[in-house]
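Two complexes follow with chain A in common, the first pairing it with chain B and the second with chain C.
And now, the complex of A and B:
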């Protein structure tokens, strides 16, 4: 698993995708931090993060579109699948590399709360909840992207489908409000990753939400593994 | 070493591999021969565990590929038709990656250095794979299969797309590798198989149509021994003379020029009537202008086996019985004159 993990993490930086992901994320997070926190001299980061969730919809596909599509196109999946290593380990290796890059990016943005801590009044625990919630949100969305990338051979197709799904997830609150049927509303609300995330933005570390995110990601990782296994059997 | 029993693989309605059974013993170099789309790659993919079979058993060292995938996979080095290379890595980094992927316990640097020397890629160790020539890419692919010293090498068309010099080099590498390992290699190029392999399995439309050494295959497929003779003189008179031989089973005559005909003569297996025929024709004032043995080259065998509409499943058995009885014939001497 570490072999796959290391290779993928390196590959992000031997191709432009890793740099674009980092660059775009840091650019927008910088803009939001300056515009929201510095300009208004507030230490509350809820607005900052809620704006960034929109950016995630655009840049998560960048992170995941290559993961399995390129393996199939270059036929390197033959190397992975004929090596003495299980599909689960391959998928996890790739998934962890993506969420690791996302984690690194988040760690870089820790300079913002650090600055506020030095020059202002910062409530540390809400910030921790924000970061943790946002990281878990990102990890869930990345799991969706990983799953999509194993279903197609084209990076562009993978990116577009991932983008559409993430957009739907982003808008799920709005979609739910369109329905009159209470049950449909409830189901969409319950499944809504964004709703879960908003719990974190109020500074609450809720165990059920953490478990929700982890299970959400686990379901998509499981589907990825099954899809790859099934392809070998058909 | 490798045992395949009643292996079948269907893709939807299409049967890619149809009830194939064969065995490969330890230390053998076996050639897997067949036209494009015959099921060679599919069979190899099943042995290496890349895809599953629809039915049938594939065992390596007594271990079922589907039940013990990891143990089996660690015994096999697989070079697919397109070498599975990460184009954005350097050769060395790539080999380190495969090394770790295969979870090998030897000393990394020493082991990779040895492998690179075996396939002669030490000079390009730190170049990016994308920029290498096809021949070098193929060698990097071969190097990858050798990592961890697997007992079995499975090579899918290892020389496809290379220039003649590279082909020769890769062949020599494979031959030397085959001294200590079991090798299965597929090809649709016949001279290659006859140059490298001790045994050939010919597959067509997903079925095995023959299985033997290259020499025996070309010998046996002729069935009866046959030869061509060009004789001057009236066709009917010559035929009358020739028909005095009981051993002759069949004669076809073709007009060559004004007063000479080519006669394609088939005789019973062991009968060699060339001397008697020579004297008899001489007595009858019928000069022989040309006399040549006719034996099928591997190429003819291949075509004969793969173009026949109903392949003969019993071919492999007949072949074995014939080995001891046949007199030596030049396998590729199609039309040699005496």
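And now, the complex of A and C:
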């Protein structure tokens, strides 16, 4: 798994993909930070992170679109699948590399709170909650992207499908409000990744939300493993 | 038969069904784990409040009060689906987790208008964000504006006062059952349907009592005298005095147009309240309403009665107001405080045509106490009964109910401080902002993108 992880992480930085992801993220993140925090001279990062969730819908497909599609297009998936390594390890290696890059991106943005420390008192714990929540949200959405990338051979198709699914997830709160049935509404609300994330933005570190994000990502990773396994016997 | 056998022994079927079962099992386990953790999290509040002001943490006072609730009580949150306020949700959940008699109900005014309509009260529309404490018999509505304190300087809500309001409502609801107010009659008093309706909606019972024949009975917590046209008798004044000495309350609304009431005015003067006998004309155009200087927005002074009004920058309206002013601030065990005044640009004309320059007090409250600092009566006097006019109920509701509640409600004020919502500010100069804006929004992304471009170009020529 470490070999796959290292190879994938290195691939992000030997191709423009990783840099584009980093650059686009930092561009929008910088604009939001300047517009929300610097222009209003506030240390509260809730509004900044709330706005950034929209950007995830656009940049997660960038990060995940090539993970499996490229292997299939170049036919290197056959090499990989016949290598002495389990499918689980391959999928986990690729997934971890993607969330590692996302983590590196978030670490770079820590310069924002560090800068704010120079100019005022910072509420450290809420900021930790924001970063943790946002990272977990990103990891869950990346898992969706990883799953989509193993279902198609085209990077563009993978990116578009991922974008559509993530957009739907983003709007799930609105979708829930369209239903009159309380049970349906409650189920959609319960499944809503964005609802869970909003807990973090209001300064609550909830065990149930952390477990939800981990299991949400686990289900999609498991789906990816099953989809690739299916190719072996079908 | 052979086909069927072949279907069931087919490699695809065996692997496929195995895979489907594994997947279903995995999802089921994931859901189960989440449900269990969710239940445990709700039950034991497996959540950490990371906010600086600990917004979600309930005080010991609230915890003790809520744990002692013995009757089924609903905490109703009115909100539109898709526009939920996590702050209120989380706080209400913490109340509900303390006592199984409490339950949280969420009503959408768009989808469940009939349920929301039940809590509609005079002078207050049930807007999204409202919280209702309902014990089945009575309910108490806490509007969204009472939950937050708006700061006009920052243009945002900077304090969250929900715990104080909810806990006070819970306490007051259980104590309110026996509170009764009487409206006097027999002196040509006006009746105020608006005030009666407001009292009814606040679960306060009321009756109309002829004080000439029935006196001032102790069974009432307060007497309300609205614009009397005939003076009170000496016996009545004596009865009022002994009634107040028992720690009871009186509200008096006087009008400029009514004839002078020497006995009542003399008694009020003994309590430090002077009746001006003049009518106020507001001179500050920003405070004038309905294009007449007789109708104006008074300046509201800070007092427990006016806390909600002052904190939320709400306005009141008074019409044809007469000056009622304190003769002293504190003397003879009577403390007199001004609640409303006109502006310093106002003028007042008395019945002889003499005019004077403002500001003038429009409403005052006198509190009498004895040697042991024990309450011996609270007297509220307003220089206009028009404050109770149906037309102004929407604006004056908080003031009317605030004054009654402060006088009669024995509920001790909650010592629960509002939680600060205002984020810490950055002490930055304009040039610092410009510098960091360039660094974060331009230089940082450009450096990364340039590194990507260099990598791409270098590898292209390998």
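Some observations on this one:
In the analysis below, the second predicted complex is superposed on the first by the 234 of 234 C-alpha atoms of A that agree within 3 Å, B and C clash if a C-alpha of one lies under 4 Å from a C-alpha of the other, contacts with A are read in each partner's own complex, and residues count from 1 in each chain.
Simple rule for what comes next: a contact is a pair of C-beta atoms (placed from the backbone, for glycine too) under 8 Å apart; a residue touches a chain by one contact, two chains touch by 3 or more.
Predicted model only: the values in this text are computed from it and were never measured.
Once chain A is used to superpose the two complexes, chain B occupies space next to chain C without a clash. Legend: residue contacts after superposition of the two complexes on their common chain; A:3 is shown touching chain B, with no touch to chain C. Chain B and chain C, viewed from the C-alpha centre of chain A in the overlaid structures, lie at an angle of 160 degrees when rounded to the nearest 10. In the superposition on chain A, A:123 makes contact with chain C only, not with chain B. Once the two structures are overlaid, the count of chain A residues touched is higher for C than for its counterpart among chain B and chain C.
By the touch criterion defined above, A:112 reaches chain C but does not reach chain B. Once chain A of one complex is fitted onto chain A of the other, the partner contacts of A:14 extend to both chain B and chain C. In the superposed model, A:85 makes contact with chain B only, not with chain C.
When the two complexes are overlaid on their common chain A, residue A:76 makes contact with chain B while staying clear of chain C. No C-alpha atom of chain B lies closer than 5 Å to any C-alpha atom of chain C in the overlay. Residue overlap on chain A between its contacts with chain B in one complex and with chain C in the other: 14-15, 233-234.
Within the complex formed with chain A, the residues of chain B that make contact are 11, 45, 48-52, 69-71, 73-74, 76, 78, 80, 82, 84-89, 93, 97-98, 100-103, 144.
For chain A in complex with chain C, the touching residues are 13-16, 18-20, 22-24, 26-27, 29-31, 33-34, 37-39, 41-44, 108, 111-112, 115-116, 119-123, 125-126, 128-129, 173-174, 176-177, 180, 185, 198-199, 201-208, 211-212, 215, 218-219, 222-223, 226, 229-230, 233-234. Of all residues in chain A, those touching chain B in their complex are 2-4, 6-7, 10-11, 14-15, 74-86, 232-234. The touching residues of chain C, counted against chain A in their complex, run 11-12, 15-16, 19, 22-23, 26-27, 30, 33-34, 37-38, 40-41, 46-52, 55-56, 80-82, 86-87, 90, 111, 423-428, 432-433, 436-437, 440-442, 444-446, 448-449, 451-453, 455-456, 459.
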